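Some structures are shown below for you to check.
Both complexes shown next keep subunit A, but they swap its partner, so subunit B is in the first and subunit C is in the second.
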Partner chain A sequence: MANVEILEVTKKYKEVTAVDNVSLNIEDQEFLVLLGPSGCGKSTLLKMIAGLEEITRGEIYINGKLVNYTPPKDRDVAMVFQNYALYPHMTVKDNIGFSLKMGRVHKGEIGKQVEDVAKILQLDTFLERRPEQLSGGQRQRVALGRAIVRKPAVFLMDEPLSNLDAKLRIQMREELLRLHDRLQATIIYVTHDQIEAMTMGSRIVLLRDGVVQQIGPPQDVYDHPVNAFVAGFLGSPSINFFEGQLVRRDGTWVFASPAMQLAFPAEVGAKVDAVNHGRLGESTPVSIGVRPENFQVVDGQNARMKGEISLVEFVGSDKYVYLDMPSAHCLIRTSPWFHGKKGDTIGLEPDWEHFQLFDAEGRSVFWWNPEA
Partner chain B sequence: MSSTEVEVRATAAEAKRAAERGAKSRKIAGISVSYLILIIGCCIAIFPFLYIVSLSFKESTSLVSYPPKWIPDPFYFGNYTFLLGETSYIRWAFNTFAFAGSVTALKIFFDSIAGYTFAKMDFPGKEILFTFVLATLMIPFAATLIPAFLIVKNLGMVNTYWGLILPPLASPIGIFMMRQFIESLPKDLENAARLDGCSEFYIYLRIILPNCKPALAVLGIFVFMTQWTNFIWPLVVAKADEMRVLTVGLASLKGQWVTNWGVIAAGSVMLMIPIAIVFIFFQRWFIAGSMAGALKE
Partner chain C sequence: MQYSESEHKRLARAYRFKKYGVAYLFLSPNLLFFFIFLVIPFFWVLWLTFNSGGILTPTKFVGLQNWSRVLQDPTAWRSLLNTLYYMAIAIPTVFAIGMGLALLLKRTTKFVTPIRAMIYFPTLAPIVVGALLWIFVVHPDFGLFNTMLRLLGLPIVNWLGNPATALPTIASLEVWRGSGYWTVLFLAALLALPTELFDAAKIDGAGAIRRFWHLTLPLLRPTWLFAIVMATIWNFQLFDSVYILTDGGPNYSTATAVWYIYKNTFQFDKPGYGAAMSFFLLIITLVLAVVELRLMRKKA
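Right after this comes the complex of A and B.
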């Protein structure tokens, strides 16, 4: 029902630039996830779309219409606030029904709609309570209900599931996706939770210090991060970085560091050559990134990467193995049947398919596109 | 285990228990002392009040008896019947209610809406205007008394309710207080209401005001008490007998040569009752108003 277009939007609070020249095109019925560390401007961006914060520079269009000067209530957007912002003096029922009341909906109709929403959110038994009498998770669901009941064209959700326990969160995740289908609304969703971002978003936007780092479908962003920040932010446990130099030896590229001398296989070397354009010369400082799941454990004797196990964590479906290497640390994910123990030395081989190479500025050698 | 060993252990346990007992009795002693101080303070505070109550039930001839009698004997109701029957006490009480009540209601409205504006809205010159409002706090009441009277007189409002009510509204302290309180309310509360379709005035009325109850209660009590006992301004502006307020009316009962203190005491007792009632009424709001549950902790 509505697409949202954000054009070179900037928000400045005196010295702080909270959002810096962000351009996004959110399609109708898209589920877009905003992801980024604390203070990167996610909430600020949402509030500008809602019309609650003035835009310093740039334009926002909802459904093709410039809304820079449209008051919040006429934008057909609803927001779930990061801190809930429930009305403390009203019951759950009145909290959820307040917008309908303001919209002069008939009283009986309000009651019916509030009950429908309460049922979806499992709040039906709390309708007469005040926010102070609810748990954190229940409050969060009321905040969600307040947005859902309005059936807006665009939902802005600021970490709406952060306070729920694991089970309820999974349940609500499903419920939200179903709701998204049912309401056919556009959803812009802020989260810290990577699993949420990966599972729910049709596209992820990664922000850092108010600047967009990368936009794309979850798997694209995960597999092809444009820089070390994105690579490090996505994935849990996070990717392993090794610092070193790129040198040319016997006609192949070799990654040289105290921890390892890693000669690239021919096809990876060819890839480096293809994208190089003179960026990488002899002895260029670079870093490589390998995700914990992208290691093969090999025989320790003549492996090119070797490490001594310092800790083994059993987490159910996997084992996390912490390794000490000369001037580096590394975490790998193995099957629960891995039987190495503390003090053992094991050898590793990176999975070259998922191998990442970053230049000195942290940009991905393979995936950075200066035009993007 | 030898018997001496047992004894040693027993004494050790006893010493420990004794020490515990000591700590406990010290604690009790501490509490007792603080209670004693509070009780003495209470007595000092309540003494003049009881004295007035006692006076109000005595006939003027037995006022100064020696030794002083605390319990009037006989109980004499003449002071009260005189006040209610022979003076305009009832009219004065009505005037005082109308005066203090209107000032309180209007001040709660104006101060909260001005406080909201200063706390949450942006407009050019806001800081300067607010400084200006606060600066009027520094002008002593005595300096504005005569100019205020002249203005009221020129407007033809001497001996009218408007003349009584309007000038006290101009005090800025309530605006300051409300601004401080409203500023502490989370911004997302208004934001949520704004998205829910509230106009700015509705946000004030439906969201801000109900969450200001503790501050409104303090302001209400403060303004009502001040105006209920206000003397100088009503004395200046409302001299006609039917426009007098209680404080001025009671003072007028003081004769030039003879003063019936029993009657004045009775008037004072009746003067105090409504304040107590107002206090009790607003007090519930102190407790009821709380932001609990609005935000994520």
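Right after this comes the complex of A and C.
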């Protein structure tokens, strides 16, 4: 049982700042996901928690105890590596039991604990095998077993599923969640896969260039992205952005671009006014964001947004429809029974409830909180 | 089938020639030298073992006489034992030094290249230069070793003149010459080990020494296998430094197998006898190498 507190942590490699002034509070038994593109500093942050990287500035506390100067073995953490990092010359049994052996646990006791863990992970029939004789999924389980057997306060997982094929990844995702329930452990999980992050995390921390962009439960971050980067990173296929200007016309806000003249409904206009505080004046350059699933297909004749279909992808449960608009492109998600073809012109209406508006710097007009 | 059986055969031959022909072409110079300098001499030496006669005198078939005389020659046995004794000193020492330096160099971050170059340098020195240099190190009057002993107030040693120290002194030269090579080899192997494994072991609670015993050493097994077999083969052939520094003396205390083969073949003018000893040495080396390979494999 442990909470982890990260306080203004920075990591610098000579000129490069890998992690920039990150503060986080990870609750006991939380499943926290560090998400971001490669090179965003998420693995570096994890390694600093593990004690494999020194901290340039800031403090890390595990269970209220400062661990900056504590070696990895004394931090009460276990780590699962992307490439599993199994000891190739040891059997599954010895791999799982290695940390206990290093902790000078009695031999019989090691055997018993290893068997318990192996049973949880369905590895009991592979105990005498070596890593090279196992499949990817089994190796993954051994790596997990090695972490579990130590009963650590905190599990650190560095992209543990990224080397598995798609089907196995989904299966292991589920198993990991079940394991989390069973162990009641604090897990800090690094991934670049936004689906993994959203399905598994109780909270997501989205990082970019070493800076925290947004922290929150998956749906909160998905629905209320604080900036265009967050909006674009979460969601597959990703959100559509349209660039244009915000103008005042007949007492309402209108989004004007070559592709469309989009007058905001009264309640959206009121929302903009409520958060505006003079930030958005006449002809302010802005962009709007609409997710592929937040469109309604309407009659092309008098629609405010129009596009010509350039490609239709059938993916089973949905159809992805690619549209060409004047100086813009757009992807929408429709039901598999949509029967538009390439070359057809269709009209669209955004779902105003899930409509995003970003200022020229990419900050969300609705959700950006300058104090945060 | 639209093509006949024979046509398929012809097409397959042409296809294979295209596929492998170039490979054989590139191999041919090497194969040529392999035949001229290894295969032919091998059978020639084998033929020599059954003959007596000198380099200038005509040969005469003597059957297995050379072979049986080797077994009864106390100097031959002595030279073999000397060689084994030398190997028992030199190989573990050079491996320990090589591995120690490699471990240090792995952690070194500053002046890496010049330090590596300095360590590898003795390996590049021609053996004659190395041996002559070593004379200045072990010279009884003004050598480095004795100068240091004098400074410490200890009695000086006639390193190469004393039968008890002569062979270890030669071993020290070979260690000095060889450590650079093994350092570079071990360092390359160490740097190729995945760092994640060591990260995992750090978290698993293994300190530096236990990481070395439980990870580094077993993970380097392929390197060890190569190193032990190659060191055995190379060190069995110790000759030049003996020839230059002591010429087998004092009182045959540094007589090594290859040195004795050389003496018999070229100085005592008994090439048949030398050839028979060469074959014994070949067989012993082969047996030892195979035993080593087997032992290391079994452990794996």
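For this structure, a couple of remarks:
Here is the rule we go by: the second predicted complex is superposed on the first by the 355 of 372 C-alpha atoms of A that agree within 3 Å, B and C clash if a C-alpha of one lies under 4 Å from a C-alpha of the other, contacts with A are read in each partner's own complex, and residues count from 1 in each chain.
Following the convention adopted for this analysis, a contact is a pair of C-beta atoms (placed from the backbone, for glycine too) under 8 Å apart; a residue touches a chain by one contact, two chains touch by 3 or more.
Keep in mind it's a predicted model, so treat the numbers as computed, not measured.
For the composite obtained by overlaying on subunit A, subunit B and subunit C cannot both be accommodated without a clash.
Looking at the shared chain after the overlay, A:131 reaches subunit B, while subunit C stays out of its contact range.
Shared-chain residue A:103: touches subunit B and subunit C both.
When the two complexes are overlaid on their common chain A, residue A:336 makes contact with neither subunit B nor subunit C. When the two structures are aligned on the shared chain, A:78 is found in touch with subunit B and with subunit C. Judged by the touch definition given at the top, the superposed model places A:50 against both subunit B and subunit C. Among subunit B and subunit C, the chain that touches a larger number of residues in subunit A is B.
By the touch criterion defined above, A:139 reaches subunit B but does not reach subunit C.
Under the contact criterion defined above, the residues of subunit A that touch both subunit B in one complex and subunit C in the other are 47, 50-52, 71-73, 77-79, 81-83, 85, 87-89, 98-99, 102-103, 146, 150. Considering their complex, residues 186, 188-189, 191-198, 202, 207, 210-211, 290-297 of subunit B touch subunit A. Across the complex, subunit C is touched by residues 47, 50-52, 71-73, 77-79, 81-83, 85, 87-89, 98-99, 102-103, 146, 150 of subunit A. Across the complex, subunit A meets subunit B through its residues 47, 50-52, 71-73, 77-79, 81-89, 98-99, 102-103, 130-134, 136, 139-140, 146, 150, 163. On subunit C, the positions that touch subunit A within their shared complex are 194, 196-197, 199-207, 210, 214-215, 218-219, 221, 300.
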